[in-house]
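Encoded as structure tokens, the structure appears first; notes follow it.
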């Protein structure tokens, strides 16, 4: 850790800081430049509160030299992580297509959509059973019943299933679910992350609306530090001042995350844009940016079918899109 | 609910939409203007998915006439809610000062700070026992032991205590804590909110870093709809591109929330700015904006004491500040 | 224009508002729903101050039915605009590659880079002569001399040239420049926009760091309403809380703008990311999203050449990238 | 300037960088820590492109030790700057109240409002003659005629006048205007800033919607480096995801700017919130935060008068507010 002092700091106060640091069993190398002094801290700096030191009025800035994320850091694990979900592999050049309805509604719906997306080439079926809704008065999902319907659809199609878990208490219900999704709102629900780290199930971790890449990686680190290294990261749009789209899809996160971590990175073009007609171009863009997969909403119910424009694609739109995605994947290989 | 159609919509598709709406047991009043058609929906529109309708390509916009938040809505409850915490009352002109260290560290620390802030006029002692930290390697708080130390400090001073709860599973440990704080990262941890709604304890609900006022109110609604009306809202800064302060304190939220809701609104100037030297001016500004209280970090440990500038105030700085806050409160009354 | 009144508005005040609107020579159609009243305004509403009406406490919201942008609106001009720059056409399926150094430095540099990018397939040479710099102490560009060097490079290679204009006063110097670029900071320099609207030169209009798509279109409208319809829009990243990239490239703006306007939309992956190693994936993603072109920084000076990672690509990296871009273009056609 | 190298950098490339830096006539002090190397640069680093160096893949970060802003930097000029406008002084404990209508409309309006705000204690009359409008179809102000009407109002009341200048070309029209306002959209119109720096008139420089404090200070530096030190900074709200207010007033900018610079800092509560009913609480909060003044919209035309809620205060509301502002000023002194 490096502490850059402000210019012309009172010597006595600098000495007090150095004493305090030494009191934490750290070696302190003092390097005096013409203008300022830099303290190099040696030893176990993981317990040092960077923010506290940075906030001192004699300190200009603090830099960690050793990265704060370890398990998910590409520096310490240069090869891509491959996450196995049944017969499906994600990462390391293996592209995964997850598709299905926003919410599981009934058997006919989920089985019909599952068959359709499988026929188009989807690898994994998605479907929400526990729905995080801004309003307590909005539909909260079929919960346990929804998970049972997903399993039925898996039985019919052989597709592994991914569904969102919102609470540690629901974990027993997810025992037979293939991939556990952590939604954007729960990205920093650290108790949930730790508990998921104690399972061996693949976790699809969505980036929060206002979270930095570093925070996303630290949340992955919570899961991995608890023992589960099967983490798939998901970019799903950040909150900005945008006037047309619901959120702003940050595709530069894909290559940036690939540089920082060995974990697979998938993209959710449906929730980020909130408009079905933006899903195809953003899916193609995500594939071109190097994403390891996509998670796309596909529906087949009548109101969606009668009017374009909802967030979900119709099965035939998905089918057309998948063909183009494959071409883009080939083009950028 | 009002659905404003786009100009020159295909009649057949408009008819299909109207049929679908009627199929949901809604009355549909069609009002045709020179340019566009407006549908007025009558009946129980709470189950109608506004976002779905808004996303249809024949629809320009959708407006709820009946507000989506009910329990916390000032329209249906014009008088200020008074939240009682022991002998302390918050809201309706009663200003509350919550103060204490960021984290509970040991008995001496918490008792010393508690006595100091009480002497300066604090009404409630704050102190973190469960700490939500971005990194799994950072100090996570003394947990249950920290709560016990808070109770000791309460016994010594008589000050009620407020502390953050991060998980439903920890609820039994908080049985004897006076105010349960929901942190910014958990503002949309809906399972936690529902569970807190089943208690009768006052809840201090902090606004998330990227959450709108409406979302904050809907989260309060989760608690209240579950039966607990003792909710105190807290503005603590939002995430922006700001280069100097950690977050951007949004003080206009104070009068705006007072217009929208009858719940008390307090301000946290410590976390929003991240710098002790900004706490006094922002505390005074919050008081001037009409806040119902402040929650301020105060410490007494040596490293803080030896160098200014950390996020926490020293007891003597807090003392000076309290006197000025009282003067500002009088000035704006 | 539609004015949605709040529920239960005082009748007298509603009548005063209607009177005032009629006094502006507008027809007012009153449509009373069960819950609320909607006023439909007929006549020339372009002079009506929407914000003023929206801010009235008896009004819930105001919607324009007739769009505020006309010249650039795809509704009134369904076919793609083709902008001609010498022999180059942009828009309507014609993809344009603009490339060159951030700043023009000297004859050798600009001619060398121009030849290199031409050999790789660039259509237009870019190069900054007037540089908008945050600091007055930073290099402000070679100005007129830089423009002369660009013309020399054009003479050597035949490539048309694009360069940024910062001020109306510099317009005479740009007489022989092929495309005038308006930078992000000047997107709402309305006097400059109006003046460019009085020329017949193609204008490359960059989106401001915190500007919505509607604001970008209104700025294009300033140019077009003054008589110049040769406008190319450019997405170059918006300011967010992002921790790794300089700005956040908003690629969903590309399909969204294509829906809203007939003007060509190009993407600048260099300035938005600020890192050369993110330029290739973001260029490919932009091409996949349907962009009509790219503007990419390419350099050949030694410091860049010796160390990777700057914002600009080396000529050989650009060459490799162009080949991939062509493949992606074919894949998504 | 300090360059912190990444850990385990290739020695040859590090040597190349050091050579290149020395080639720019800089002394390079190499300080090797256990983990990383820090280069201390001595000499005239103002020409060094920090961003370029920071983007190199062997570099972790770059810090300037000498601040990039000089003229406006409190370190080099500890005493508050006092800006004189006629008999009015701003800064250093002198609080200034600027008030008046958003736009100058006609003689009666501007004179009436001017008299009213003077009677309430305003020091300076504000009024827009050149109006930057998002749409070319919106009212662009009375321009030169508006400035003449402002002068008439000044003659009637003795109040100095402040009005926005949008373009260098309009400068001759502003010869007899007391304070030249640079609007948020023009904060980085560097040609305009330089030109204003060549006058001796006080400049009211508004912070851009997405500009950091450092960028605001660098824009002030443009004016001051050109010779005019009479700069007043103005916080007027930043663009965020906020759902109720137009922009988010960033009051923490006030004490932060006071720490960084000696220039006076005023606050515009009218444009930031966009709602008259938020102007009083935000004005009081601004005064409590230590602002050196306020610029407030006051109107007296009938539509405003008949319905509350617009952005501007009525004269009687302004009068009440001024009394409270004075009390808050006393409370925080």
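First chain written, first letter: the chains are A, B, C and D, and each begins at residue 1.
Keep this in mind: contacts are C-beta pairs under 8 Å (C-beta built on N, C-alpha and C of every residue); 3 or more make two chains touch, one makes a residue touch a chain.
Computed from a predicted structure; not experimentally measured.
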| task | Average the CA atoms of each chain to get its centre, and name the chain whose centre is farthest from that of subunit B. | result | C
| note | Between B-D and B-C, more contacting C-beta pairs sit at B-D
| remark: Cα centroid separation, subunit B vs subunit C, in Å, comes to 39
| message | What's the distance between the Cα centroids of subunit C and subunit D, rounded to whole Å? | response | 26
| remark: So, in whole Å, the Cα centroid of subunit B is separated from that of subunit D by 31
| remark: Multi-partner residues in subunit A (2 or more other chains touched) are 210, 214, 239-241, 277
| note | As the complex stands, subunit D meets subunit B at residues 210, 212-214, 238, 240-245, 248-252, 254-256, 259-260, 272-273, 277-278, 281-282, 284-290, 324, 327-328, 330-332
| said: Going by the contact rule set out above, which residues of subunit D touch subunit C in the complex? | reply: 13, 16-17, 20, 46-47, 49, 51-52, 55-59, 68-69, 132-139, 166-169, 185-186, 188-192, 194, 208-210, 214-215, 218, 221-222, 225-226, 239, 274-277, 302-304, 306-311
| remark: subunit D residues touching subunit A in their complex are 2, 4, 7, 29, 31, 33-36, 38, 40, 42, 60-61, 63, 65-66, 239-241
